[in-house]
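In order of appearance the chains are A, B, C, D and E, and numbering begins at 1 in each one.
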Amino acid sequence: MKIGKVIGNVWATRKEESLRGLKLMVVQPVGADEAGERASFVAVDCVSAGIGETVLVTLGSSARKALANPESPVDAAIVGIIDGCDEA
Amino acid sequence: MKIGKVIGNVWATRKEESLRGLKLMVVQPVGADEAGERASFVAVDCVSAGIGETVLVTLGSSARKALANPESPVDAAIVGIIDGCDEA
Amino acid sequence: MKIGKVIGNVWATRKEESLRGLKLMVVQPVGADEAGERASFVAVDCVSAGIGETVLVTLGSSARKALANPESPVDAAIVGIIDGCDEA
Amino acid sequence: MKIGKVIGNVWATRKEESLRGLKLMVVQPVGADEAGERASFVAVDCVSAGIGETVLVTLGSSARKALANPESPVDAAIVGIIDGCDEA
Amino acid sequence: MKIGKVIGNVWATRKEESLRGLKLMVVQPVGADEAGERASFVAVDCVSAGIGETVLVTLGSSARKALANPESPVDAAIVGIIDGCDEA
């Protein structure tokens, strides 16, 4: 999973039916000091995250396991809000 | 999911049967200021997107969940047209 | 999906049984002007592509949906031969 | 699979129900001397790894196969503790 | 699929039960002259590859299709030993 920071929201009136009602947030990976890993992406919020919070994001088909409807076309889901992290 | 800009269409007369009738569009990732994340790719349009529009794209096997035939060999689908995005 | 150019063939006498009879071609991503996205890879040809042709490639588990035997250990398949592409 | 070094733990009180009870560790890829491959990530520990240990990590949907509940939204799992590695 | 060179073996006494008996080899991608694509990784050997051999590697969930137990937490498998490759 990725650690990221929620930096915004995204709105899309015209979208896939199964995405309706899902909160789409823009996440910036944290600690990715290297090229290619810093690009922000959009994730479905599953834990009521707020802008500025540090979150845990699951990517790929596993992200769908966090959704009420696992048949939605989703490849990223916010699955936790990080309280702390002790890196040696 | 990725935020991208639709920059073109692609035609392929000789193609997998299950891709027939699907609109194939070229998408350039947006906000990917880093190397490796800017490469354009092809996605199936599921929301009648037009060239120049900013779109939401689902990647990987989850993309197939947006298709009428989820057994098609597709790894990217345009699933929303972005109205707005408030990045803090 | 990726747009790529077929640049060669690959032979492997000792290989997984379910790969027998599949044509393995070397593909170079096109338009990936960025580092990390230009590395060539091997894809199973599903549309009788030839060397030098510009092709549409599906990656990941979705690639298996293009195969007669979707249980083969394949993560890339050539699913179309590109006639044209109008990038704005 | 990736070889990585465990460099920390992560806590998230507010998280997906199915992640409860899982030990979340921060892993830094080893030997990834190239940009884009060094970004640390979070993996579920399945073999009682400790901080500082060199571990084997499975990524993507395959990671869920290491979990008691394979329906959890997990995309990385520590599946081995590396004793040795003889690189020619 | 990736073309890679087998550069070593990996041992892990403490590991996931379903990985027991599988030969874990370190593979270095070949031809990946770009950053981010050269990082070595670990793959399960399915065709009795030896150190120094050039091999064909399947990545992601498709790798599991090469295993006797497709429920093992594996994301990379050596599925062929390359005899030849004619790049135009």
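One rule holds in what follows: contacts are C-beta pairs under 8 Å (C-beta built on N, C-alpha and C of every residue); 3 or more make two chains touch, one makes a residue touch a chain.
By chain, with names taken from UniProt: A, B, C, D, E = Ethanolamine utilization protein EutN.
Because the structure is a prediction, the values reported are computed rather than measured.
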Chain copies touching (subunit D, subunit E) - same or different residues, decided at half shared: different
Rotational angle, Cα trace of subunit C fitted to subunit D, multiple of 5°: 145
Subunit A and subunit C: spacing of chain centres that average the CA atoms, whole Å: 30
Intercentroid distance (Cα basis), subunit C paired with subunit B, Å: 19
Residue list for subunit E, restricted to those that touch at least two other chains: 35-37, 60-61, 63-64
Residue ranges of subunit E in contact with subunit D within the complex: 7-16, 18-19, 24, 26, 35-43, 51-52, 60-61, 63-64, 71-76
Interface residues, subunit C side, partner subunit B - complex: 1-3, 29, 31-37, 46-48, 56, 58-66, 77, 79-88
